[in-house]
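Heads up, the next two complexes both have chain A, just with different partners, chain B and then chain C.
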Partner chain A sequence: MMLSVIYAILFYAATLLLIVGVGRKIAIYARTPAPLKIPTTPAPITKAGVVWRMTKEVTVFQSLFKSNKWTWLFGWVFHVALALVLLRHLRYFQEPVWTVVALIQPFGKYAAFAMLAGLAGLWARRFLVDRVRYITNLSDHLMLALLVAIGISGLGIKFVSHTDIVSLKAFVQGLMYFDLQPLPSDGFLLVHLTLVLILMVVFPISKLLHVPGLFFMPTRNQVDNPREVRHTAGWTAE
Partner chain B sequence: MAAKFDTPELFENIAVIDPPPKYEEGAMAHSRPFVAKPAHNEGIGYPGELVDNWEEKAVTRLGELVDGSRALRTFLDSCVKCGACTDKCHYFLGTKDPKNMPVARQDLLRSIYRRYYTFAGKHFPKLVGARDMDKSVLDEWYSYFHQCSQCRRCSVFCPYGIDTAEISMAAREIMDSVGLGQKYCNEILAKVHVVGNNLGLPEPALADTLEGLEEDVEEDTGVAIRFPLDVKGADVLLITPSADFFAEPHIDGLIGYAKVFHQAGISWTLSSYASEAANFSMFIGSGDNLKKVAMRIRDAAIDLGVKRIIVGECGHAWRVAYSFWNTLAGPFDFLDPKYPAPQHIVEFTYDLIQRGALNLDKEANDHRRITFHDSCNVARASRMGDMPGGQFILPREVIKAAANNFFDMAPETIHENTFCCGGGGGLLTDDLMELRVKGAMPRMQALKQVVDDHDVNTLVAICAICKTQFAKTLPYYNNPMSMITSLHHVVGDAIQLGTKE
Partner chain C sequence: MKESRHTRQGFWAAALIFALFSLPVMAGAPVPDIPEAVKGDQCVEETGFMRKNHMELLLHQRDETMHRGIRTKKHSLKNCFTCHVVKDAGGQPVTVKSPKHFCRECHDYAAVQIDCFQCHTSVPGGHKTTGEKL
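Now for the complex of A and B:
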């Protein structure tokens, strides 16, 4: 039970840090003015056009596709697989489980392999492409190591040494409703959860800020209409 | 003058060198433009020389800039080092210096941002590549932030749209604010504030030049074409780069504009007070100067009582005019609302052609086999016409209306993928000749392909900087200097004077 208490406290703390940390960053991004019109053109001339441009960037990584096919392939496969895996994990938080989450379970199970393959490709580029090697910091390797380890430990739970997922779900539900339940003390599970805790804490202070940051980039989210609509903000509004 | 250097080698039958070169550490570490004299810096509101405690002041200024710019803040936070930009910069491709890869250039500043303004950089600097602000950092900034022409090509290819131009503007603003300025930009900008143009050409000299031009053109064509200056009540105020008044091939463009106005029968004027479209304040990231120079144009337009403002062939000037004027010097509600404010000379000529207001003889240009260089600030930072990408369509349509032989360069090197001429962003100075020649390489490679395949002999541009840069660098790549010309030179040669007016 001691273990369950420790993990419960850690999860509450990590969740708080994640929400407060990312929320704070989003508030800062929203508050910081964009004094000039700087969309990278050709850019949409309507708001709907901007929504479409952003949708393509977020869902199919349009600019990256144009830029580098290998990085796009590995990066896109990783992100899509990660999305499936995250959706699959929703079942621990839901009772009853949503139909869509139930439906993707079989795909989500194997998406972990795709996720690892994507990560392996991205990591390989950091060693094999001289230019990418040059710009890589130690933190870039550590981030990949963390994600790979989360994937492998997760696969360990699924395919090597099963954990008692009924108890696990009870533990997670307990966390949600402040009714602490015992956490199964299996090796793979504890490693997996610990690494996820680290990821949650690191998120708001790392390059993972590209997730909220992407939506605030003036080069992508501004409408190209400076002659029609007078734009002022920050020092240009003074 | 710069030490000897080798001009990069071009290859047969390709538009872009692929795979990109292996990097050579420190290949351009020696490149440094002349430092501004105290008078240049003070003339535009900066300390004359490196101030005391400059390390601290630079860090403070960085914080202020980040607080004032959503772009800068998200750009510095969000890069994941994916490497998509690493082979996109013409300076990297031409010099092979890894610090000319866009992300590496950004990291020169990001490393300082992280050290002083992020949790990870404050507590684990080694891990995230954060470093203290010191003399070696400042030296590196001065060298490599003057190896970026702010062309935005990297921003097209970045999955998030991170624009290195914004980062290099910020770095130059920080350096200026602690008293380390670049001579070329700051000296020129100081002249604009005092005299009204980059050349420091005062009103009498400008009037003389234009008068001489009227005589030359009349001698050439037999038609009295006016080059009006400070004419109150004219319909159009033309704001054009001052290079158009004297430099080759720019002046042929100016003659072309005058012929267009002449045949269309639209009254126009230049202003001696605002005799400059260029606004180098953008290059050094200075908001105060940007606004001050833009206000000169508003004041001149009100003073002269014009109905429209048209901007001549100049890349960064069009960006400032199209994207920033309304913000900085607007609203332009005193102009005729029937026309966009401002309008590009190419939009103007294009509309006249659509309306059949110009008689163009394409055969007059049959000795030319033409290709078109998309200037970066027009291509990636502005627009022409009423649809996205109009900035690519309109100039080409104007050329095709005035000439029979047109051949585009390879698609991966034109439109929003265009390669910078190598001289933009405040680098068009002789003390950076090695950088300029090497930075021109990707454009020259694509040009070589159309020269070899289609016997192209004319490179048309709509930017004063591109024109000067190409006039200087074309010969290094075994092309004649005269290959580069103005778009309105081609138009002007095709106009059949005396058939409409």
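Now for the complex of A and C:
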């Protein structure tokens, strides 16, 4: 029970840091003015067009596709697989479980392999491509290492040494209802959860901020209407 | 002035998070009500082991029986149902069509589909039933 209490406290703390941290960053991004009209052309000339452009950026990584096919391939495979994996994880947080979440369960587990393959490709690039290696920081390696380790420990639970999934879900539900339930103490699971805690804590202070940050890119989120509407923000408004 | 705006935002953020978290406190956490075995005080393996690994045993049993022709009783699906049965109001064992069925109690909770019962019976007694889809 000691273990359950420790992990419960850690999860509450990490969740708070994640929500407050990312919320604060979003508030800062939203307040930061973009004084110049700089949509990368050809750019949409209507709001709806911008929404469509952003949708393509988020779902198929359009700009990355145009700039580098290999990075796009590995990056996109990694992100799509990650999305599937996270969707599969929703079953721990819902009762009853949504039908879509139940239906993708069998695919979600293979997505883990795709996710690791994508990460391996992205990581290899940071060693093998000179220009990328030159701009790679330690934190770039650590982020990739963290995600690879989360993936491997997850696969460990799935394929090497099982945990009691029903008890684990009860523990997660217990956190959500403030009704503490015992956490199974299996090696792979504890490693997996510890790494996830680290991910939650570093999220608001790392490159993972590209998730909210993406929506604030002036080159992608501006309407191409400099003649129709005078653009003012920050010092151009003074 | 800037300072006070930050404080106010911080307050609302905290209040919102608190409200979100306290919403579900109304009831206890939903946990499955795992039915007691009807007889015996020891499963074919230790309970903790069964909770984590019953699927491996069943799949191994299937491979042994179907591919190698070795039919044993200990880890057979039929043997599970000699103890793990849930009875309805009339005292009859419920089939897998009922959410109260022994397997479904947890499988629904964990969102894990099982296809055993498309061919196999889900009640003790060994009578032939097919098509008991979840």
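Just so it is clear, the second predicted complex is superposed on the first by the 238 of 238 C-alpha atoms of A that agree within 3 Å, B and C clash if a C-alpha of one lies under 4 Å from a C-alpha of the other, contacts with A are read in each partner's own complex, and residues count from 1 in each chain.
Quick note on the criterion: contacts are C-beta pairs under 8 Å (C-beta built on N, C-alpha and C of every residue); 3 or more make two chains touch, one makes a residue touch a chain.
Bear in mind that the values here come from a model prediction, so they are computed numbers and not experimental data.
Overlay on chain A: chain B and chain C fit together in the combined arrangement.
In the superposition on chain A, contact is made by A:213 with chain B only, not with chain C.
In the superposition on chain A, A:236 makes contact with chain B only, while chain C stays out of contact range. Counted by residues of chain A touched, the larger count belongs to B, out of chain B and chain C.
Touch criterion met: A:125 reaches chain B, while chain C stays clear of it. Touch criterion not met for A:192: it reaches neither chain B nor chain C.
After the chain A superposition, the centres of chain B and chain C are separated by 160° when viewed from the C-alpha centre of chain A, nearest 10.
With both structures placed on the common chain, the touch criterion links A:66 to chain B but leaves chain C unconnected.
In the superposition on chain A, A:32 contacts chain B only, with no contact to chain C.
Using the contact criterion defined above for the overlaid structures, shared-chain residue A:45 touches chain B, although it does not reach chain C. After superposing both complexes on chain A, the closest C-alpha pair between chain B and chain C lies 13 Å apart.
Across the interface of their complex, chain A is touched by residues 20, 22-23, 66-71, 73-75, 77-88, 98, 101, 103-104, 107, 118-120, 124, 126-129, 152, 155-163, 166, 287, 291, 322-324, 326-328, 330-331, 340-342, 379-383, 386-389, 391-392, 416 of chain B. Residues 16, 19-20, 23-24, 27, 91, 95-97, 101-102, 105-106, 162-167, 169-170, 173-174, 176-179, 181, 186 of chain A are the ones that touch chain C when the two sit in their complex. For chain A in complex with chain B, the touching residues are 25, 28-29, 32-38, 40-45, 49, 57, 61, 63-64, 66-68, 71, 75, 122, 125, 129-132, 134-140, 142, 205-207, 209-210, 213-214, 216-220, 224, 226-227, 230-232, 234-236. Chain C meets chain A in the complex at residues 9, 13-14, 17, 21-22, 24-25, 27-32, 34, 48, 51-53, 56, 106, 108-113.
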